[in-house]
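Shared chain: subunit A. Partners: subunit B in the first complex, subunit C in the second.
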Partner chain A sequence: MENDNLLTIRNLSVELMTARGVVHAISGVSLDIYRGNIHGLVGESGCGKSITSKSIMRLLPEGRARISGSIDFDGSKLLALSEKQMAKLRGAEISMIFQEPMTSLSPLKTARAQLEGALANHTNLSRAERRFRAENLLERVGFPRDRAKRYPFELSGGMRQRVMIAQAISCNPKLLIADEPTTALDVTIQAQILALLRDLQNEYGMSVLFVTHNFGVVSQICDRVSVMYAGNIVETAAAEELLSNPMHPYTRALIGCIPRGSGQRDRLFALPGSPPLLYEIPDACRFAPRCKYADEQCLSAPYHRTTGTHTVACHHVSADSAGGI
Partner chain B sequence: MARYILRRVAAFIPALIISSIFIFFMVRLTGADPITSLQGTQRLSEESRIALTREFHLDKSLAEQYFIWIGGMLRGKFPVSFKYRQPVDRLIASRLPTTLQLVGMSFIFAVFFAITIGLICAANKNKAVDRILSAVLVLFASTPSFLLAIVLMLVFSLKLGWFPSFGAGHNFRENLYYLLLPSLSLGAAMMSLMGRVTRSRMIEELGADYVCAEIAKGTPRHVIMFRHCLKGVLIPVVTIGGLQLGGAIVGAVMVESVFALGGIGDLLIAGIKSADYPIVQSIVILMTMLFLFLNLVVDIAYTALDPRIRAERITSQ
Partner chain C sequence: MKTANMARPPVVAIIAGALLALIIIACAAAPLIAPYGMSEQNLKDSLASPSAKHLLGADKMGRDLFTRILYGGRVTLISAVGVVTLSAVIGIPLGLISGYFGGMLDAIVSRFCDMLIAFPSLLLALVLVFAFGRGLGGAVVAMGIAFVPMLVRVVRSLTLVEKNKTYVEAARSIGFSPMYIIFKHIFPNCAATIAVQFALDLGYAILSLAGLSFLGLGVQPPTADWGAMLSEGRDFLLPAPWLALCPGLVIVLSVLCINTLCDGIQQYLDPAQQPLPSFRRREKPLEAAEVRAANLKEGAARGE
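Moving on to the complex of A and B:
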């Protein structure tokens, strides 16, 4: 499988220097993204999803973030590249869509100008060619042609996200990082954007890292999924497998939290407690304080057990008893 | 847009009426007798004193005097100066070019250095360059322009002899040379405030979400700064630039008198000293008009900079 990886993250840790001390935002994260695959990264707010995706892009503030580990992208070691080499990759080989379409577009540029800018960064096209390509891209993402000269403040959230997507795919990237691209949108627009992303992924054959906290979205769009908790990846599997056979107690709890519109009005399930603050991290299972299966051995760090393509970090899941705790 | 400008110009009328009343009566509050200060050392006969008082309408009530003045101004007729015995507009006309050139040059200096320094500081936030330049900006902000004028004159004119210490020169090229030190002293304070606003706004702007998104697009840093952020940064700079330009017309008075440039400022100070009401009133009302006009220019400049403000103006009509 290793050769089929577009992106290989090994043992990635990020420490953020803050006024209140060092935050161990993520520790020991390993992740494989296959070519042509949509890989979901799921977890609650603050678990390190965005930090992980921003470290791939190297968008974390250099003075305040200490990054260790390795990120291998299509043969190049991203963490070893110079800022200049990295700038060449950004937007061309790896591009990114952000959560907040309201604030992520340059406010004083028209929709078309945003795309022309993206094309100018990585191509030698003439002005007229850029304009032509920009208009075609807008059309491709379902953005009405007659609004190409509108400014972001004149566009709805969904339309802005379409512009973001158009500029993200403008240079034919190998990897698209979508950091909660539908969270700020209402449900009908969400579905349209997801369908668009799925289509574009097929058409362009790119890989997608899809960051979300929504399992519904995962089931609609992802091929594989990793679940994050408090800066660790606790479980990785094919999307169907993970949804039908979750092994980690945290994954189970998360899936248990999804409300089902089945007619009975039960109390919604909520996981008790809250994630640990990541200032000082003991070498133990981070979920243990909230886990109903926790015992003595959970005080030591769990190692990842793998059965086939299903990886779990939990003492209570043994290789042979996969699926049963 | 034309309607917007028209509406704004219409709003000038009440502003001008109020300020004209204010100016007129403020000047009269000094209570100095213009005829006495006019006579100087020689004694005036009682007849000529009465004649002068009548000629200048000083025997009429204050309200009447006000309407005589304002009525004349509306017909384009400036009052006659007590001291110079000529209409004030003629006095102003010969001095105005110097003042305008001084203010214009100092504003160009101020804008150029403010934006350059502000951007250098923002790009090197909290590094040594930023700290030094920021300290320089604060220093200039707290130095009165006349003091800076005296210091510059001492060093560059009297010690080093590089620049003339008085006068404005006789032709345009000489003007540029003669007015260099005065306009630097007048522009320093303007530069300081605009420079600090440029710096802090640019730092704020560089922290915005869209800047991160632009980096993720692979947009080079200088393109982000100049093509994406600068316009937004310039909006508050234009605001205070416009206000300061108005202030500079007044500030020019001090610098003109230090360098003996013979501009409007000199005329104004002389007018105040000799209780020459027509001069004081006319110059101050002209400055008011200029100030209002500059505010309008600033507001129009916004529209060019920010499409959001443009949209607002079009919909509010």
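Moving on to the complex of A and C:
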């Protein structure tokens, strides 16, 4: 199984120095991303999804973030690499798409120039070859050819996100980290971008870490899913399995929050409260204060149990009672 | 106030730009326009008043003032550009790098700049002139260095804003090296503001160079320079006031034009300062009398 992993994260913890103290943004996160797989990472705002993806890219501010644990990417230990070696990996082996397409392109470069820059950085192509390749990439992501020389401010959010995607895949990366790439887009564009990402994943055979807070998106695109809560991964399973048989109370609550258009119209379920501020590491289960099943045993932190392909961290889920609480 | 500001067309800036262009062209074409040679003396005309023969009069040695202002402008303007260029060459990379990397490097650069800023720039230039030697070259280098700290500060703060934008993070995620990001991403995006600062500094440079020449540390005698001419004219303020007045006016006029032009450019580049198109006809601001009447009415209504 280990050999199938493109990315293996073990016991990753990130502490951030802030003006108000140390925040334990994520603690003890372990994650496996298989080759050629789309892995979803789901959770509320502020639960550590972006911190996880940024620590894979090593994009966190060096002085103010303390990272421990290990991240293995295709045989190299990312946390041990020098900044120079890491810069070589970024964009070439691992690349990233950001949430805000409106601001993640340099305002002074045309769509094509953005791609040419990325290609110039990682390849030895000649100028003409770069231009040719950039135009092909733009075409591949469904960007109209006649707008290749437009500046970002002249493009819509969806178009900019296409440029971002083209830039991210320009050097055939093995891993693409998509940090809520569709959050800022409207639903029709969202569907197009998702379809594009899935096609590209098939075509290039890359793995994708897909960060989102939207289970609808997860069901459309992901092969496996991990659910994060307050800096921990609480449940990991194949996407269909997780959606049809969620075990962790938090996952259930999240899925319960999705409005359904048909059937009986009940009051929309809302999970009360908000995730804890992580200024110190709690001993108890982090979800306990918001969990309707919480009891005395939740005063200790739950460990991960695995049944088949389903891993969950909850005292109330026993190994033999799959799905039963 | 706001309405007045918004209603103002860029006419002023255009006029300033045109005047500035006129000054620059006239100075550049000095050998063609000037009626006399730069140091051509005619002792009979010593301290002559403005007349058809000497448009702006003549100085102690009988040298034509108009001619010397044209030639002096070349020296003054070119050395001002030299000052600003030198400060930009040192200051811009320093500001970008210290802003982008932060940490120890930034602390050292910033404290060093604070130290230099603590001196008035003219005083600093004075000290540096003594180090580099009198004369135009020394003055330009000295002023150039004296201008560095302010520029570093401006560029650094622009970099701090820019480096936290997502596109910089995105550029890092593509694997660009820090130097590439600094000079190809951050710098072009700050360039508009830096250009305005550049032009503003140009005005200050003219004034400061004139100051240095006035003190006798810049341009040395036979060469014409606005500051040096002002200094020479000071000795004849009563018998021939135009000798000091004319170079002084040209200095004021060029600096004023540069600054006005800068303001105009800044307003043009900054969308927040531009009037928005509106369907509503702009209302005329209330006259002072109307305001007073309205206030009185309100006071009466409250029973005062």
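Quick note on the criterion: the second predicted complex is superposed on the first by the 322 of 325 C-alpha atoms of A that agree within 3 Å, B and C clash if a C-alpha of one lies under 4 Å from a C-alpha of the other, contacts with A are read in each partner's own complex, and residues count from 1 in each chain.
By our rule, a contact is a pair of C-beta atoms (placed from the backbone, for glycine too) under 8 Å apart; a residue touches a chain by one contact, two chains touch by 3 or more.
Remember, predicted model here, so these are calculated numbers, not experimental data.
Superposition of the two structures on subunit A leads subunit B and subunit C into a clash. Once chain A of one complex is fitted onto chain A of the other, the partner contacts of A:Ser50 are absent, as it touches neither subunit B nor subunit C.
In the superposition on chain A, A:Ser207 makes contact with neither subunit B nor subunit C.
In the superposition on chain A, A:Phe98 makes contact with both subunit B and subunit C. In the superposition on chain A, contact is made by A:Leu59 with both subunit B and subunit C. Of the two partner chains placed by superposition, A:Thr182 touches none, neither subunit B nor subunit C. Subunit A residues in contact with subunit B (one complex) as well as with subunit C (other complex) are 57, 59, 87-92, 95-96, 98, 100, 103-108, 117-118, 121-122, 164, 167.
If you check the complex, the residues on subunit A that touch subunit C are 57, 59, 63, 87-92, 95-96, 98, 100, 103-108, 117-118, 121-122, 164, 167-168. Across the complex, subunit B meets subunit A through its residues 208-210, 212-220, 223, 227-228, 231-232, 305-308, 311.
Across the complex, subunit B is touched by residues 57, 59, 87-92, 95-96, 98, 100, 103-109, 117-118, 121-122, 151, 153-154, 164, 167 of subunit A. Remark: subunit C residues 102-103, 165-167, 169-177, 180, 184-185, 188-189 touch subunit A in the complex.
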